[in-house]
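One chain, subunit A, links the two complexes that follow: it is found with subunit B in the first and with subunit C in the second.
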Partner chain A sequence: MELNQLTIHELQEKIKAGETTSTEIVQAVFRRIDAVEKDVHAYILLTREMALEGAARADEEIKKGNIKTLTGIPIALKDLLCTKGVTTTCASHILHNYVPPYDATVVEKLRDAGAVFTGKTNMDEFAMGSSTETSYFGITKNPWDLERIPGGSSGGSAAAVVADECIAAIGSDTGGSIRQPAALCGVVGMKPTYGRVSRYGLVAFASSLDQIGPFTKDVEDCAIMMNILAGYDPRESTSVPADVPDYRQFLSRGIGGWKVGIPKEYFIEGIDAEVKDAIQQTIKVIEGMGAKCIEVSLPHTEYCLAVYYIIAPAEASSNLARYDGVKYGFRSLDGRDLMEMYKKSRSAGFGAEVKRRIMLGTYVLSSGYYDAYYKKASQVRALIKQDFDEAFKQCDVLLTPTTPTPAFKIGEKTDDPLQMYLSDIFTISTNLAGIPGMVVPCGFTRAGLPVGVQFLAGHFEEGKLIQIAAAYEKNANLGKRRPKL
Partner chain B sequence: MKIQKDEVTHVAHLARLEFTEAETEKFTAQLNNILIYMDMLNRADTTGVEPMTHAIAQKNAFREDLVKESLSREATLANAPDARGDFFRVPKVIE
Partner chain C sequence: MEYDPVIGLEIHAQLLTDSKIFCGCSTKFGASPNTLTCQICLGMPGVLPVLNKKVVEYTIKMGLATHCRINAECSFARKNYFYPDLPKGYQISQYAYPLAEQGYVDLELEEGRKRIGITRIHMEEDAGKLMHDEHNPSSYIDLNRTGVPLIEIVSEPDIRSAEEASAYLRRLHEILVYLGICDGNMEEGSFRCDANVSIRPKGQEAFGTRAELKNMNSFRNVQRALEYEIKRQQYILEGGGEVVQETRLWDDTGGVTHSMRSKEEAHDYRYFPDPDLVAVAISREWVEEIHKGLPELPLEKRERFIRDYQIPAYDAGVLTTSRALADYYEEVVKLSGQPKVASNWIMGDILRFINEEKRDITACPVTPQALADMIRLIEEGTISGKIAKEVIEEMYKTGKPAKAIIEEKGLVQITDEGALAQVVTEVMAANPNQLAQYRGGKDKLFGFFVGQVMKATQGKANPQLINDLLKKMLAG
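After this line comes the complex of A and B, so read on.
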């Protein structure tokens, strides 16, 4: 086993036992990056020098016996998290040269915990997409099959973790952007409760839905990362001042006597047969562990996609109004007056999908259409949340497929936005309701593509998700498969 | 048709975007398809349902009104495409 293939907790043990150093770990990660990155393209920017300097500093601390949770561990950051002095592009031409003057809170927290940063990972432009194909900096490939997409929008983070180009990574999830790529790449991903993790320094997409979370190689690492990321931040007014438990305590509790809800609306026509089989196999494993699986209903599920593609673009059109070529980012030099400068900078600076969503969002908020679209969608959103409230009266957690199909081919859905949007059909309701969701690998198709199961819980019940995910991981016996690169 | 070409052009102006003729046609067709799909929401009975704006109900988040350090002028202007002196410079606004 190479060092870069290990988990956070395995590396911690080795560091504590004096069997390895942070420098060796970081060197192993960059050897791997040098070998596979030309095929995978998980990163927009590599910060090799800074990582090696960070590793040297970590090794000094380790010598002094000062070992924190992530001391010397290489972590990758999605390129929409502000990093002081390091470009943060959001995979967009309009921010291609933006150098933030401050760190995002999660970046600060990870650094304070001892982490070393490998670089900034690729993503769909402004996190708008399900395939990482809309990046201004090129497509990320799925490490299991280089002709396929890794999912999105946090496709670079998911690919980097499964290709062992980092030990863990951070992503963001507005409608499934952590969970969908985690499922399609075969790693663990968590979207925490809305308000659980500070978004200070996260470039905003849809502010009532965005949430930051980790990608890891196993469930224990997810608990370790959540311990660092979660918590109130006075700089972020939607972060919630609620107590944060030690998530590691949930790793070994088991799920005996639990009720696990299976929402019948999630087993739709059009779901891939092998995905369905893998989920049904997962249900059997869960039942074998002393939990009872019961059918529940989320009757407004069919409306989720329509609600999401009104609310998210509406919020995005407002959030992205700030990119005007004045204070930072790209400015077109062709504008003869201020209005022309705005229009030409924005039109040349944003890609097609971002412009499509700005247009959709501006339209649904415009005078005469607000009630028909935005208000109606916000009302149906309330009904979707009520569905979950009712379901969680009957069960501890919900179990669902994460995606209708395994990873699709590059280019397969780029010409049909609605088809692309449908790949998020099982993940967006979570963001609309603000509840936490977690994805764990649950098998492979015959073609060798990973499938992930999604667990959902009530607000601030990430602990329950870790509890069932850890129990499942231990009992599923999936073995350690690695992509052949 | 849910949305016509001239409406697309108007919305583009509101969003401070501009498109070629071909782009406008493509956007009109794509937005139409998406808006037709949205029509399914009319099937949902929302009589008396309060619109939901936040996933987690929170009251106003207040902080102490204290003077704290903020970004320096240099750091603030460092990313500007055209900074001059202490200002962001833009093309002329008035004739």
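After this line comes the complex of A and C, so read on.
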């Protein structure tokens, strides 16, 4: 096995035992990148020199016996996390040359834990999309089938992890942007509770929904990453000063006696038969481990998509107002006056999907429409949250499909935004309610495409998610498949 | 037809906090462009605001000082519009849930006391400044001011004339400065005012169509702009026309208002709750604590001065125009025990000196102790009030105590009755005609003799003694 194929905990063992060095690991990762990146295109920017320098420094520390949680481990960052001195584009023309003067809190935390960064991964422009097709820098392909999308918006991060172009990666999830690509690429992904991981330095899409989380090769690595990412940040007003447990303690607890809720509204018409089978199979495995699966109801599920497509664009229309060509990023030089400069810069700087959502958001916040749309959506959002509160009175966690279908073909849904939006139907409610969600691989279709199961828990119950995911991973016996690249 | 104006004012006051409202940058005025900025106030991608608690405290102070209800919870909203001095493309302000509501201030007008309602006071961030190059087609942006905390104080449409508007403005200015939460500097823009003005036929209940006036950066301009605008609207209505709802800019040089944008061109700010900031909960205990720490406000102080020091309302008004002046006065009273005399010296002499030099009372070379000492010297008869006028001017110029000046210049009052009687005898001998006339019943000449004695003693004679001696000796 190559070093780049190993997990964080496996590499830690090797480093501690003196069997390898950070430099060797980073070199292995970049050898892989050199071999497959032309096909996968997981990255917007590779920071090879910086990674090698970081590895050399890590090796110095390792020699001194100073080994931290991620010392020398190569991590990829979604390109909407601000990195001081390193271009951060959000996969948009309008920020194609933007170099942040500061590091995001999570970047600081990862660096403090000893991580080295391989580069910035591709994504849908401003995280608006479910396929990584709206990136200004080109499409990322699904490593399992290069004609298919990796999911989105954090498609680059998911693809990089499953293609072994990094050891773990960071993504962000506003309506499923970690969980959906994790499912479609067959990796582990976690969207933590809103307020659990600092958003400071995450370029905002929809501030009340955005949350940063990890992509990893297994559940143990997810626990390791969560130990580093989670925690209160005084730089963020919506960060919650709740205690952070050691997530590794949940890895071997089992789920005997647990009640696992199966929301009946999540098994709708139009869900792919193979996906459905994989989920049914998962339920059987869970029951075989001593847990009881019960049917629960989330009655407002049918409104989630509508509520989401009011609130998220409304916030986005305001969050993206700062990209006006005045201070940084792309500026059109054709404008004859200020208003024209604004219009031309924004027209040429944003892609079609981003413009669509800015217009949607501007519309729903407009005078005379606010009450009918934004206000109403906020009220329904409270009901959706209530649904989950009620459900968690009856069960420990929920189990649902992550996506209605496996990875679809490139270009298949680009002309039909509504079809594209529907691919997030099972993940959006989590963000609206602010609860944590986790996706673990649970099988493959006959065509060899991965399927992921989603577990949901109450606020700040990430430990429960890791507990059930770890137990399931151990018992599912899916074997170690790798995409053939 | 006669018309009544209806005026409401919106005041923006910059708060005197050390740091900005949502980041740690300094709020100092006049630094080199863009040196007091960070990624947060520059609106860089990914940054988040964290509220400065001092801003809430100062706003609560103003709310309490203007009898507002302090809401137990308030929240921030985004006001969305594009302008280069607004780096985020939205201003963080308060909309549906302001911090303070439903207050008032009382004005003392010639026709009596009048109460002006305050609709709301809310917190927000200031924008930056644009500078235009007159020789190049370029504009420059200074974002030092971006994120400086502001409070917006919105009045009810209770104001009925330009004079009332001016009185209201002065009253709020005075309160803000008294509280120590705003420096009140209109030229530097730390105290700004917009006005909504309409007119309606006398007796009519319904309001007329209003115009919003902007760009009035002094008390005088606010009054001038309102006077002009009232006349303009009157002229339109009298000519059978209609006032249009619009925003108008005051042109100081021309002394007129110009249309800036019509109602149709007005922004739709698309206010919505700012998802980056949580609601601010304000405990009763905190409000109580702030209430206890509030300084005495100008109106209360004025009333106390009239009551406790028995000075005229006019004096009390002048002496309470600033907290420092009132403190100065009270210190002199405490040390001299002479409230009215102290008021006379401060209003008559001290204020004249410092106003001539545009000095602050805190920088006055005559300390309260020095002034009180001088007052005591008059009381004890060491110097006359007339001489004291000379002495205080010298005290102000040199900073020396009264005693030293009196000794240096030999200004000690003559209180030796024998010596003064000698002078009186000499004066009487030198003016036989006047003496005869006086004795013949021309009482008015008494003053002439006083003057002559004063002249002979270079003003150093004790006036009371002269009076007594002259009365006795002139009578013969």
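Heads up, the rule we're going with is that the second predicted complex is superposed on the first by the 485 of 485 C-alpha atoms of A that agree within 3 Å, B and C clash if a C-alpha of one lies under 4 Å from a C-alpha of the other, contacts with A are read in each partner's own complex, and residues count from 1 in each chain.
Here, a contact is a pair of C-beta atoms (placed from the backbone, for glycine too) under 8 Å apart; a residue touches a chain by one contact, two chains touch by 3 or more.
Here the structure is a predicted model, which means the values were calculated and not measured.
**Student:** If you stack the two complexes on chain A, which partner ends up touching A:238: first (subunit B), second (subunit C), both, or neither?
**Tutor:** both
**Student:** Give one of first, second, both or neither to describe whether A:434 is in contact with subunit B, with subunit C, with both, or with none.
**Tutor:** So A:434 only meets subunit B here.
**Student:** Which touches a greater number of subunit A residues, subunit B or subunit C?
**Tutor:** Here the partner covering more residues of subunit A is B.
**Student:** Between subunit B (first) and subunit C (second), which does A:362 come into contact with in this model arrangement: first, second, both, or neither?
**Tutor:** Once the two structures are laid over each other on A, A:362 reaches both partners.
**Student:** In the superposed arrangement, which partner chain does A:203 touch: subunit B (first), subunit C (second), both, or neither?
**Tutor:** second
**Student:** On the A-aligned overlay, A:315 touches which partner chain: subunit B = first, subunit C = second, or both, or neither?
**Tutor:** second
**Student:** Which partner does A:267 contact after superposing on A: first (subunit B), second (subunit C), both, neither?
**Tutor:** The answer is neither, since A:267 touches no partner chain.
**Student:** Overlap of the subunit B and subunit C footprints on subunit A, residue-wise?
**Tutor:** Correct list for subunit A: 98, 101-102, 208, 234, 237-238, 317, 321, 324, 326-328, 338, 342, 362, 366.
**Student:** Any idea which subunit A residues touch subunit B in the complex?
**Tutor:** Residue list for subunit A touching subunit B: 97-99, 101-102, 193-195, 208-209, 234, 237-238, 240, 300, 302-303, 305-307, 309-310, 317, 321, 324-331, 335-344, 346-347, 350, 355-356, 358-360, 362-363, 366, 373, 375-383, 385, 417-418, 431-435, 459.
**Student:** Okay, in this complex, where on subunit C does subunit A touch?
**Tutor:** So the residues of subunit C in touch with subunit A come to 39, 42-51, 78, 80, 82, 84, 87-90, 141, 268, 270-272, 275-278.
**Student:** So in the complex, the part of subunit A that touches subunit C is made up of which residues?
**Tutor:** Against subunit C, subunit A makes touches at 80-82, 88, 90, 95, 98, 100-102, 104, 199-204, 206-208, 234-238, 314-315, 317-318, 320-324, 326-328, 338, 342, 362, 365-367, 370, 374.
**Student:** Quick check on the complex: what are the subunit B residues that touch subunit A?
**Tutor:** My answer: residues 3, 7-8, 11-12, 14-19, 27, 30-31, 33-35, 37-38, 40-42, 44, 46, 49-56, 58, 61, 63, 71, 75-76, 78-82, 88, 90-93.
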